[in-house]
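Consider the two complexes below, in which chain A is the common component and chain B and chain C are the respective partners.
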Partner chain A sequence: MGSWENPRPCTGDPHPIPRVSPLLWAALWAVLAGVFLLELCLGSVTIPFKSVLAILMGNSEVPEGWRQIVLLFRLPRAVTAMLAGAALGMAGLMMQTLFRNPLADPFVLGISSGASLGVAIVVMAAWGLGWTALIQKAGISAGASLILAATAGAMGILGIVMALARRVESNVTLLIIGLMFGYITGSLVTILFQFTQEQQMQTYITWTFGSFGGVTWRHMTLFAPTLLVGLLVAWSLSKSLNAFLLGEGYARSMGVNVGAVRLWIIVGASLLAGTVTAYCGPIGFLGIAIPHLCRMLMKTSDHHVLAPAVILVGAIVALAADLLAQVPGARVVLPLNAVTALIGAPVVVGIILRRRHTMEVGA
Partner chain B sequence: MKGIARLARCAGRWRFPAWAPWFLGSGRHGAMPTLLAVWLCWCLAGTPFPVHAAASPKVTAPGGPTALGDPFPHRAQLRYATGFTLSYHDTHKEIQVLTPWRDARVTFTYILIPRGASPPSSVPPGAMVVEIPVQRVVLGTTTILTFFPMLGVEETLVGFSGRKLVNTPEVVRLIEEGRIEEVSAGGDGMTRQLNLEMLFMLQPDLVLVHGTGIPQFDTHPKLLEAGFKTGVAGNYMESSPLARAEWIKFVAAFFNRENVAEKLFSQMEESYHAQAERVRGLKDRPTVFCGMPLQSTWYMPGGGGYIATFLRDAGADYLWSDDDTAGNMALSVEVVLERARNADVWINPGAAGTMDELLGVDERFSLFRAFQTGRVYNNNARISPGGGNDYWETGVGRPDRVLADLIKIFHPELVPSHELYWHQKLPWQRGGK
Partner chain C sequence: MKGGPFLETRDLAVGYAKPRHPRRVVVKEVNVALKRGELTCLLGPNGAGKSTLIRTLCGMQPPLEGKVLLGGEPLEKLSPSDLARRMSLVLTERVAVGMMPVVTLVSLGRHPYTDWAGRLGPQDREAVRRAMADVGIEFLGHRPVCELSDGERQKVMIARALAQEPQVMVLDEATAFLDLPRRVELMHLLRNLAHEGRRAILLSTHDLDLALRCADRLWLLSPGGPLVHGVPEDLVLSDAFAQTFADAGVSFDKGSGAFTLAARQRGTVALSGNGVLGMWTYRALERAGYRVVQEGGHVGTCVESFEADGKVCWRIRGQQTIHYSLESLLSRLHASSHTPPS
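Moving on to the complex of A and B:
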């Protein structure tokens, strides 16, 4: 077992929560505030910093156009990015602990693909009625059906992977199974879209580029509470997750109801990854990179520390990725997934190279 | 039998002699270097199979007319199209498709000869010889479908890919009568694939497709390999509406119908210019923007493209006309809002059929003044039951009529008698106003 999942020597129960310098927390909050402000200030349209502050303070002397851009476009975008980053990081953390594998994340295990399949089915079904008309008529319930479909798809795949996990000893094998399920759902989506119209396919393909900008305040009324609940569920599982780190047998010996906790982890991770996928598209690499970044920063694997750290760092990294995707100063925008891969992949490679032994965990 | 067995044994025992050069594979790497070397030679020499599409120099016409008279009395001249050339020689016509897709590095050359005639002695390498007039045509693209009924040759169509998308009444009738087979093998629009087995059954003497330059989507390499006479139409690449319509002459050349094409095109051209002339001097040019965002990226047609030309000729002030991009630009929504907030008209917002649908996609669309005043128009008034948009089908052949539609939108007082044909002012709700 590698050090990444070995929080501290076993000194008995209950473990004290490791101390992390309050300065570090303060620094993280400061960075978050910084990138959040940057996200509000930088964009394709140049708006002076003073004006942005004035708009946030509710000053009405700023041009109406700038107010709309900041309050209706950049603010929901920033909030979406923060929530999505936190949610993906948390889902990744839970997956890595559950599978005791440093390479696990919602993407790798096919959860995002499952969510995609759910979304594709809803989009297909809705096309018969006119997709946009459906959203319009059903209002928020259509958004809910999207979340439900994505979550159900995510849970379906994760459930299958988990069921197989009981029969398969090696976690590497399990990862490969997850990958293969990702391909299967991917091909199902492709097959589904052979029967739709070009317009729908284009919508779907653009959706797979990923974006935080599609969530409006109206969507936010469902998006934000769902993710907040998911994050709280995940955070509250910290103690059980810690026990899982040392193996299910150990968890059981500590009095953890392994079956129930496992179910909660699945539900929580699926809800988080599924919701983000439904609204922002399948966003890669954040889920795997953020937990590792946090372990490096906090130098611990204790979930009581990692959970809030993942939320903070996830928000920061997602905001930074979105900032880069918008290419400050230029009119063009890049697909978000291109940027997250650009940031995330080197992080993963770096981690693997620095801690070569983590590759052997569970293999 | 014995001989063969002995031979096999010998072969099995045979080794490279010690003096054989290293690349023959005697080293510890075995046959690897040899294989690599062969592969490299293969690549450097170019694929040894005949390639049909290749850049080729122009044929020099043999001097002097033949005694038998001109085999091609009807000749067409190109005035707008830049994507192909059409030249006439004593024994053949030559068509070169210059830009089959964006940034294409290949051109396609077609030598058209009368049926039964022998090909000219100087066929450029890579050129395809087609006997005309062609009699059995399979069409793999909607972009030139409308030219067939216009030229009166729709009866030559034996196969079409994506039959459910067809709007053209003459072709719909032939499909209903079962005279045009479905040759699609899945995929729609730009990505549709052709069912090759069906093609072998239909035995067409010409297959017309479009190219995208994206290997997964393109059908012509496979068709050429299978030996079909394959024409690649690049009219969707033309950046002016008249140039797109002028590809009627490309189709006409395969049927010796250049006279019909010239007549129809000249009428259209005249009508187009007459209308454009009427709005040219107008001081009041409504500002306009296009499209709608997908996942917060707004794909705005470039100022050097087809839509921009139409808008300029219709007397509108396209807000992105300062840019000379021919394709679409990926803009962020805030840039579009900043520039187009007070625009007078919004056209072609995706697939939206009503204002309600637009709001359902993103309630922030109501920030646009064009939305508030209800001046939102889409080009989807005519959609086939299978979802094909007639604007991209018969609209291609009638740029004058499309222009009339657009003038009706921007300067209704100039064309009081014209009713919107492909465009519609989006109603608030389906079936309502």
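Moving on to the complex of A and C:
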């Protein structure tokens, strides 16, 4: 059987739980610092590394224009990308474990569909009815109204899913219901298209491209704490998520309060995915890819390891994708969603082909 | 509570009760117990309600009537983690945990004992080590679970259930998809784990033969019928075993302790011979559809089996031909049974 290979020195505990090398963690932190600084340096205007450091240190001997670019645009953009990447990765991880399906992503329950519908309604219907003036009078900017609309849509779907999750026993049923929500909202959006003009359609389409650039420091006061709370909730669920790996039957037999934990997982993942979608648009692909990347890097499906790994790797990948989308040195900005999928999908295919078992398909 | 059974049922009725549906009782008046140090096997044909009973005993579905007592306390009064400390499960479903080392999966069994972060203390590590040693999978320690064979995987799941340090371990058709040697191995392992004396083990299975040989007690569940329980041999002798599986085409033979397909009857044959040779001759004749009786008092065909010059051979009494294989003997018998006896 070849089971006797791999002998280990017999000192102390013969089977310590395998630990991830601290070097790997250090390397991830280093890469994160690297892409973070790159994000601050590169863009339509290239700012020298030294000047960026000087700006961050609070040194004022730097051109005011550069200071503004870095502090008002690139820094919030970088922070947004890191938080969004971590949040989407974590939400994806939770969904993949809950549904025991490697294809699950943060949006399987219809969160982004709900947000899309909200945005579509505001962009097309409301403006068509002449509410624009009303919204502007109320002191809400166009960006903020999109955020509000997406949040309302995501929360609406979340509410429905939560109500159903209490009644529905089977996770597969829940998964199918989520898919159906996607179709329903998709068709509603298409119907709305029929009654709108091209210009409003364009606003909606631009929103669906996704962007980390729309979050200002003012938005950050709500965006960042919400995601941090969501990430903490998710991390604290690690122990139960590990039990869920074996399926609900086993989880229950190990003393997990399956119903309650399932609700927490749904709330946590939806909070993370919903917030990101509201502020940055429906960013595909990161949520499904990052957990796979982390399983491959850490060679484990233990959530105590995966949770911090997903946060780090998520931040790195989101920053890298944003860097590429801005096409350093050029005046063009590519849609973020196009970049995440175009570059990331082949990577995931490669990983899955090489290590077929990164996550087995659940029964 | 030390002396009492680990698990006990009082007038338990299991089944399904849904609003606006008639109540469907699967089994009722179940009064059984799982005792420390015993391996109990739950047997019954498909659809008799084995899974429903197991689910009820594990607290996964509420009883319709009566009670399940775990260590003297009603199941529904126990908190999920209290229940998990007293009872652990191994299920039929194949787990797909991906890149998880065996030792990590086994330590999941410590779930009810660890803090919210799931940190393992020295006691937990010791329990994990002992569970792996008891099942004999120490050498698998760091292998990823996804690379294991089905048999090894199920052993890992048993180790995980042991690491939970339960009083009662319940296995729901846990050997179903394994090959015969693996099933025998697993059954012996379970018997040893039970006899060690710290726990009671309940296994639902379709392996009648193995259960007859290994279990300390049997629970027999027939469709709609009562649950009959007792020591395996008692159940065989009282015909309870045969009745449970009384089904068209299959019958339980008390003499051989095995199920036989009721093949078409070709007549009665007497057999002279004993030992291994006699046993296999008996099986061959029985399979071919003959009713086999001991020689003496029988006037019809009589088959003699014997050894000559170190070879096994057979002869039909009164005939000259010596057969050196059962194949040859059977074809001769078939030929003569077609001709009406003169």
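Quick notes
In this section, the second predicted complex is superposed on the first by the 257 of 363 C-alpha atoms of A that agree within 3 Å, B and C clash if a C-alpha of one lies under 4 Å from a C-alpha of the other, contacts with A are read in each partner's own complex, and residues count from 1 in each chain.
Criterion: a residue touches a chain if its C-beta (ideal position, glycine included) is under 8 Å from a C-beta of that chain, and two chains touch if they have at least 3 such contacts.
These numbers were taken from a predicted model, which means no experiment stands behind them.
Contact with neither chain B nor chain C is seen for A:25 once the two complexes are overlaid on the shared chain. Look at A:302: by the touch rule set out above, it reaches chain C but stays clear of chain B.
In the superposition on chain A, contact of A:245 is made with chain C only, not with chain B.
When the shared chain is aligned, chain C comes close enough to touch A:100, but chain B does not.
In the superposition on chain A, A:69 makes contact with chain B only, not with chain C.
Of the two partner chains, chain C is the only one that A:254 touches; chain B does not reach it. Of the two partner chains placed by the overlay, only chain C lies in contact with A:236; chain B stays clear of it. Shared interface residues of chain A, touching chain B in one complex and chain C in the other, do not exist. Residues of chain A touching chain B in their complex: 43-45, 65, 68-69, 72-74, 77, 130, 132-133, 135-137, 194, 196-199, 201-203, 206-207, 209-214, 216-218, 281, 326, 331-333. Residue ranges of chain B in contact with chain A, taken from their complex: 186-191, 294-297, 329-335, 337-338, 341, 350-354, 356-364, 367, 387, 430. Looking at the complex, you find that chain A touches chain C at residues 1, 3-4, 6, 8, 13-18, 100, 236, 238-239, 242-243, 245-247, 249-250, 252-257, 295, 299-302, 304, 355, 357-363. Residues of chain C touching chain A in their complex: 58, 60, 79-85, 87-89, 91, 93-101, 103-105, 107-109, 111-112, 114, 116-118, 120, 125, 128-129, 132, 138-144, 146-147, 149, 152, 164.
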